[in-house]
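Shared between the two complexes below is subunit A, which pairs with subunit B and subunit C, respectively.
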Partner chain A sequence: MQPGTLSSFLKRGAIWGFILLELIFFTVAGEFLSLSDKAFMDVDNMLLLFKQSAPIGIIAMGMTIIMINGNIDLSVGATYAISAIVLLDSLTWPIFGSLGDWVIPVSWALALLTGVVLGALNGLIVWKTGVDAFIVTLGSMLGYRGLVFMYNGEQPTSHLNWTLVDFAEAQFLGLHTATWFLLVVTAAISFLMNRTVHGRNAYAIGDNREAAVNAGIRVGPHMMINFMIIGFLAALSAVVFYSESGSVNPNDGSLYELWVITAVVLGGTKLTGGAGSILSTFGGVLAIQLLRKGLAHIGADTETVNLVIGLILIAVLFLDRQLNIKGKEELKI
Partner chain B sequence: MKLRTALAVTVATAALSGAATAETYKIGITQNNVGVDSYQTTYEKAFIAAAEANANVETVVLDAGGDVARQIAQMEDLIQQEVDAIIIWPTNGEAVIPAVRKAQQAGIPVIVTNSNIAEQGFDFVASFSGPDNITQGARSAEIMCEKFTEMGIQDEAQIVQISGQPGYTTAIERAKGFEDRLPEVCPNVTLMETQPGDWNREKSQKVMEAFLVKYDDIDGVYAGDDNMGVGALNAAKAAGREGIIFVGATNFAVGYEAMERGEYWGSIYQSPVDDAEAALQTAIDVLDGKDVPFLNYFDTPKITQDNMGDFTKPVF
Partner chain C sequence: MTEQIPALRLEGIVKTFPGVRALDGVSFSVLPGEVHALMGENGAGKSTLMKVLGGIYQPDDGRIIVNKMPAVMTSPLEAKAKGIVFIHQELSLAEELSVAENIYLGELPRKRFGLVDWTKLEAQTNEILARLKVGFDAKTRVGDLSIANQQMVEIARALTVDSKAVIFDEPTASLTDAEKVVLFDVIADLQKAGVGIIYISHRMEEIFKITDRISVLRDGQYRGTLKTAETNEEEVTQLMIGRKLDLSRNVRHHELGRVALEVRDLSCGELFRDVSFEVRSGEVVGFYGLVGAGRTEIAETLFGLRDPSAGTILLNGEEVRIHSPADAIAKGISLVPEDRKGQGLVLGMNCRDNMTLPQVDDLKAGPFVAEGSEIAIFDQYRDKLDIRTPGWKQIVGNLSGGNQQKIVIGKWLSMHPNVLIVDEPTRGIDVGSKSEIHNLIRDLAAQGYAVIVISSEMPEVLHVSDRIIAMYSGQITRTFTAEEVTEDNLIQAISGIGGSDRAA
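And then the complex of A and B:
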């Protein structure tokens, strides 16, 4: 057996094994601790799990590309909030008044465009200035959030459109609208990363940027496209979520960047770039949502949930490090 | 014919709910943000205590942590778990309406607690349990009038108002309750000017500083809550103006302390314990099939320097 085969197998399978473990644990614990007469593994509950994973999950797909690239994007939560405001506010703009319910696709398009533009701005700054993406997006996280507050102060921006709500609440083949969006995005980004030149280049750049430059990859524009993709996905996540809720608080989406990064890292994507998989990120997203849902199911409070997720994240990173070291047999501990 | 059907249905419901009382009610609650302030923390403790004291009730206590998305997910989870009733403290009065509608469509009565949801959602709500801001404002007017009468200046007193953040229902209602009631009890007291203090102590202090410059004779200040009232008090103390009667519309710990020092006259006592117990009781009454008013207010008594010994210091 090649050195590293076992460890990489372990790493790929780890997240799914972890999900299985969670399912077993919450099913058993739920029997004793939950007030619900229904089993944790109830079909409806599992369908809800997918639906509730969608807001974080859709953004996490974009974050996986960015992190494989060796970058990071901290501004996704603020982009999410701005796109939500554009979506809900544009529904009431007088210039679209004559459109009736056809204003909905227009508002969607505007919200998605907002996400792409904000993402492009991040990408452009990273490309042209060469400043680390962490710093650039830290700045834009604050800046974009500032825009949110400038727009409507501390007040929520609201518009309830029942046609939109009915669409978002619909279930097609048993799956909620949000779940469909999550699945389609996962499939599309997975295709992008595994079957296209752009996707393979993302790995190459993350693995060794200098080598990628020498191989003739235009790193700057490549990264800008990735930032536009994550901007688009942050906006899409807002579109999916706010179609169903109709009101956005100015602080909505704050800390989303951290949940998204947590999901991506749990899925095995390296913070240093060059390695990661979309499917494992999908697993990471499910694992987090399962934890949230499961702990609530057995009666733990919100603070406990955050504590447990934090501990698990650290444990996973530690395990990952140990496996890497042993796999390569570079160091003896 | 219709009446008879309605009667039959009522009787059947009553019989059903009569049978149901033998079993336990499963009530789920999703709160706004426990831990962000001590009002909400005390509320949760009181709610759990009240539920434990009642053998016929089992509760699922959840906290949205201020996150709308999480609250909507919790609503969905409670619906899926088929609880008998859901109590919600909305993180956002509009964003939760579709989730409330979902519960109503699933046949689960929803009780809104503390702050109501927007009017578009009223059709999907069984009852609202919380404080009545109009009454709070009206009682503040009475407190102020009684004090002026005692001082003998009820025919000449001039007052100013510092209101809450513009646009907030709570702020509008507390101002309205006061402004409507004052002319009824003290028709000769003049409300000279109203300015927003945005629930903020520093902002209110600045507003009051401006009032003090503008008006030489101010006998009373009405504030939308004690936080703003104490801000105004600080401005008056700094300017060396004495004898002003300060009244707030909700008693906070800072107001209570100022009352102990004799600097602040009175306020309205709103207890998180009463708030929590009222919410649970409303849910039980709805499940029992009792006739519960749509706006089910709990009592918020007057508190002044005279009777403050009857009340413990607010936790917030």
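And then the complex of A and C:
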């Protein structure tokens, strides 16, 4: 067995083990603590859990490739809100009045395009100025959120289109529309990262940027493509969620970036780039949603949920570090 | 030979940076099938020249000609497409990716729709790996390989394209002797295939063993090309530094003091076992062995960076336990580490602050740092060690390797240690400064310090040491006095040949 094999095996399997642990814990604890007499592992409850994972989950797939690439994107929450506004508002534009329900694909396309453009803007600035992605997207997070408030002030933007709501609430083969979107995005991004030249180059850039440059990989365009993908996915997440809810508040999507990053990190993606797996991020997303749902099931309030998730995140990173030290016989600090 | 068309020809390359003329009309040519050494002190312009060749810098003047065709390189990719391949000294690998992906970094074979052709990638890689006779396969994660094997991956990159010229930049820095043999075989193969090779190295033995001609740079200027068979080390060195270099054996003129450090049966897991030796004040003890023999690990244990699994350490006759570097420093042990830039210096800080880093806590005036005392300490050791810097405000990262090393040594001397451990004192330091560092080490011994020198360069160990301890695979195989050591018996002792003749 080569050094590091055990730790990477543990790391790869860890998130699924953690999910299993959560399921057992909440099932058992639920028997004693839950106020409702419904079991935690109820089929409907689990289907709902998948559906509720979708908004964060879809963005997390984009964040995984951004972080593998060695960047970070803090503006996803704001991009999500802008795309939602574009979606709901454009449904009511008089110019599309004659389209009837055909306005739906047009509005979807506009919302998704908004996400791609905002992402491209981030990517372009990171590429052309060389400023760290953390700073660039910190700026655009504030800026994009500003745009949201400029649009409608403190007022919510609302429009319910019942055809859209029917579509969003539909179930196909038992799974909700939102779940299908999450699964398709996971499969597509996983394919992109493992099978395509772009995906492998993204890994190489995050792992050793200088080596990538020396090998003639054009770092900037790859980064920009990834920012466009995450912009697209933030918009897609908004499209999926607001098709159903029909109303967006100007503060919607705040702190999404942090939930997304938490899920990605729980899934084992390295903060410094170069390593990470889409499937593990999927696990990370489920683990967080399970925790939120499970703690609520046994009667904990939101504040407690946040505290527990925060502690678990730090514990996971600490554990990861310990495993790495064992593998490499690192020096003491 | 003069009739041949050069594989690569440089004509009057000029490159200036603000305030510096880094390259001043450099011209030479590399013939197909030739190994051409490029030598020069650090700062002579070798790396700048290589960056021009690799398309990272654009020359201000002059031409690069590849196979009779003038070539303008605007990117590393373009250089590679024109058949110029670099084997970088500092490993530029993506550790999380597989061997195959690293070898074909930037040019993964594609199928339709931008998909990676994994079958082809793996087949091509295994073909190349077979040529290199290495013991890992295409799918191995690079981070799981030893440093030496990672170097082989780097070398494998040169074999992926139809190369006209391959540039090896200090390729043997981390290779064992056996791996060097493989490397030289690969170079011979490339030679037979008619590839021109530029070989950059500070190691004279290698240069004289494998190269056909030697071109020398000094201060950005081309100083001439010598035929290897018709020259010798002195002549090359003189061309490089413009004066003669003393490479004679060390002769001690002072008496040894009492035993400053004694180590009894020290072990640290698998890294080294049952190591016993002593160092007297006034003595320089050299540790020589292959990469991985356990020399650096011993130093790290003495400095409190590793916990020994067994054995005792005695300082001035008293048994001590060293739990941390702070402990070691307090007890008078100092370590000048192997990786100067990574472990020894804060490159972005100025000379003074680097020098007083370990004692800044003791130099306080009330709650504030006493800048006056700091400057006084800096001035004292600048004069003592002849550190050439415009002043204490100079950022250490801007100094030459030799002066950086003196800052590290000065830092520890200012702590008044009993035992000074110097790991690879002249790694990456040019020939001229090398002998200065060697003289400095000798001077320190003469002043009564007990000095341990760890080095992978045999001439260096022979030159500075009073006694030489040879290590093989975690154990001391033999201890030599300066009189009895020869290159032959030293090589035998570090290769594990001829049983272990353990001397105290």
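Basically, the second predicted complex is superposed on the first by the 331 of 333 C-alpha atoms of A that agree within 3 Å, B and C clash if a C-alpha of one lies under 4 Å from a C-alpha of the other, contacts with A are read in each partner's own complex, and residues count from 1 in each chain.
Rule of thumb we're sticking to: a contact is a pair of C-beta atoms (placed from the backbone, for glycine too) under 8 Å apart; a residue touches a chain by one contact, two chains touch by 3 or more.
For clarity, every value in this text was computed on a predicted model and none was experimentally measured.
Using the contact criterion defined above for the overlaid structures, shared-chain residue A:248 touches subunit B, although it does not reach subunit C. Contacts of A:45 after superposition: subunit B is touched, whereas subunit C is not reached. Which of subunit B and subunit C touches more residues of subunit A is settled by the count: it is B.
Once the two complexes are laid over each other on the shared chain, residue contacts for A:213 go to subunit C alone; subunit B is not touched. When both complexes are overlaid on chain A, the residue A:302 reaches subunit B alone and has no touch with subunit C.
Look at A:21: by the touch rule set out above, it reaches neither subunit B nor subunit C. By the touch criterion stated above, A:196 is placed in contact with subunit C alone, subunit B being left untouched. Of the two partner chains, neither subunit B nor subunit C is touched by A:315. Contacts of A:204 after superposition: subunit C is touched, whereas subunit B is not reached.
In the superposition on chain A, no subunit A position is in contact with subunit B in one complex as well as with subunit C in the other. Here subunit A touches subunit C in the complex through residues 2-5, 195-198, 200-201, 203-204, 207-208, 210-217, 270, 274-275, 329, 331-332, going by the rule given at the top. Within the complex formed with subunit A, the residues of subunit B that make contact are 26, 34-35, 58-70, 72-74, 76-77, 80-82, 91-99, 101-102, 118, 120, 165, 167. Residues 54, 75-78, 80, 86, 88, 92-97, 101-102, 105-108, 110, 113-116, 141, 143-144, 269, 300, 304-307, 324 of subunit C are the ones that touch subunit A when the two sit in their complex.
Residue ranges on subunit A touching subunit B, taken from their complex, read 35-38, 42, 44-45, 48, 51-52, 55, 154-156, 158, 160, 165, 168-169, 241, 244-249, 251-252, 292-293, 296-297, 299, 301-303.
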